[in-house]
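Chain lettering (A, B, C and D) follows the sequence in which the chains are written, and residue indices restart at 1 in each chain.
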């Protein structure tokens, strides 16, 4: 089997907080340093952009973006662009294509839909510094499959545990 | 223009509470009595089944279901089955195809994804007897476009207001 | 079971020939007169528009369009608009949601993809006045499930036979 | 820009001819030797499997598969599996995500739908040893954007020309 281990990183695009962007950048570096693939929604904004920028600081990293639009034109940090032309319906593909999902920062509506779809699909979801309302709802909906962490380094530990 | 006004009703399938099912049944009757189309996820379970059963008690009602599977075999109460064969990615079609969305009862992961996708798409979402965690998150994410109601009759009033 | 029988009518949008448009208009009338639902790609152009216009000449007709775009704004002749925001990937939903598919006139690339997807999904496809190249390819690919006809009236006969 | 150049290879799964499988295997080797990414429908059958097996004979090759099903379990030769759970609707993603599309061997319905969707999306489609009916239809539909070739080596030349 040559399939590589894929970590999906979800989070707000435009309007993401500085803290979420910093977490995403560090997370991208650490995921890539483990030799895992970074998968995201692929747009050039917020958490998606930051996680890919972090990953591309590591030689040999591989970044895959699943784009909502119709064009192969994509983020400067994407190695592989999957072009769906299916808007937010592509959110389900983001989570199905990930071995583990990390939601980075407080949830926008798009991110919340991805956490919900990931739980529906039976994935482990790691919540990295979420807002309390997102944490409260998903702790309730997916108790055994959500993990709350406070740093990118803790997220890596949680991913390794989920992988076993 | 002959396009009919469509109310999307989202809610838990298997495991829906008796209260949510009773609300959905009454909501289906009242939507149909207004001459509006009932749109749902189309499966023969929980809120989806109840809203269609309620609607079919009204002569001339029209029920549309957007199915996750690949088969035209569908609920006994569906007039029109849209067959997507795209699993939970069809949740985005449910909300895009609705003029207004009602989330009926506490949210399962599927329903939560639909509320989030509806807000992302700029739709008004009426929360009918949600659990407090779902209410808290979506009041925060979509303050002006979420409406909290306690009965099917109140939902109809809120739909009429949203329609104006 | 209340599900209504659905005939999917596929064909060229912009650039459709006058003959194809005339066939589509007549086909829409005849399908609606049988009490069947007309399903199409829903856009306000060519065969899609003509089949819906034909159907709306019959009292009590029901027209469903599965739209590629993100907006509920749709053809003046659609009763129900299914909004997919998934571009040409929605072609597969068009055929899966139809009991029988009629391809009206020479095939554009979109129509050819729908004929192919319909055969893949095990549907009967009626080719109404196709160009010889489309006929030759699909006679070969789906011999038992393609039917060649020369008029809208013959298409209705073929639909009835396929329905049995 | 780090995005890698992607060649989509489409063709029959089960039932592919020995000649098509041999062409696909050689094509996979040659694409990978150029440093390009091989993208396919990802299933473990026919042309899809052969092109990935060919590519994996080259060190450093990268194979991406866009799967119709819901599971990350995939072909032994895939580096990256994109899981869509959307059946044949994923065919549109295959072509949108490719810089150039090669259809390898005679077309099954699935392959024919992909050629049609690729032309609709404005892609160049290289037909490698097609059957005469497929060639005739698509020469007509997409004259300037279809290229007929007789060997994997010729396909590489045509890809290079399309890329300029």
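By definition in this document, a contact is a pair of C-beta atoms (placed from the backbone, for glycine too) under 8 Å apart; a residue touches a chain by one contact, two chains touch by 3 or more.
Treat the numbers as computed from the prediction; the structure is a model and nothing was measured.
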Measuring between mean CA coordinates, which chain is farthest from chain C? A
Going by more than half of the contact pairs matching by residue number, which of C-D, B-C or A-B reproduces the interface of A-D? B-C
Which pair wins on C-beta contacts, B-D or B-C? B-C
Euclidean distance of C-alpha centroids - chain B vs chain C, Å: 28
Could you state the distance in Å from the CA-based centre of chain B to that of chain D? 40
If you look at chain A, which of its residues touch at least two other chains? 70, 84-89, 92-93, 121
Residues of chain C that touch chain D when the two form their complex: 86-93, 107-110, 112-113, 116-117, 119-121, 131, 133-134, 136-137, 140-142
For chain D, which residues count as touching chain A in their complex? 1-4, 6, 37, 56, 62-64, 66, 70, 72, 74, 76-86, 92-93, 96-97, 99, 121
Seen from chain D, its contact residues with chain B in the complex are 70, 84-89
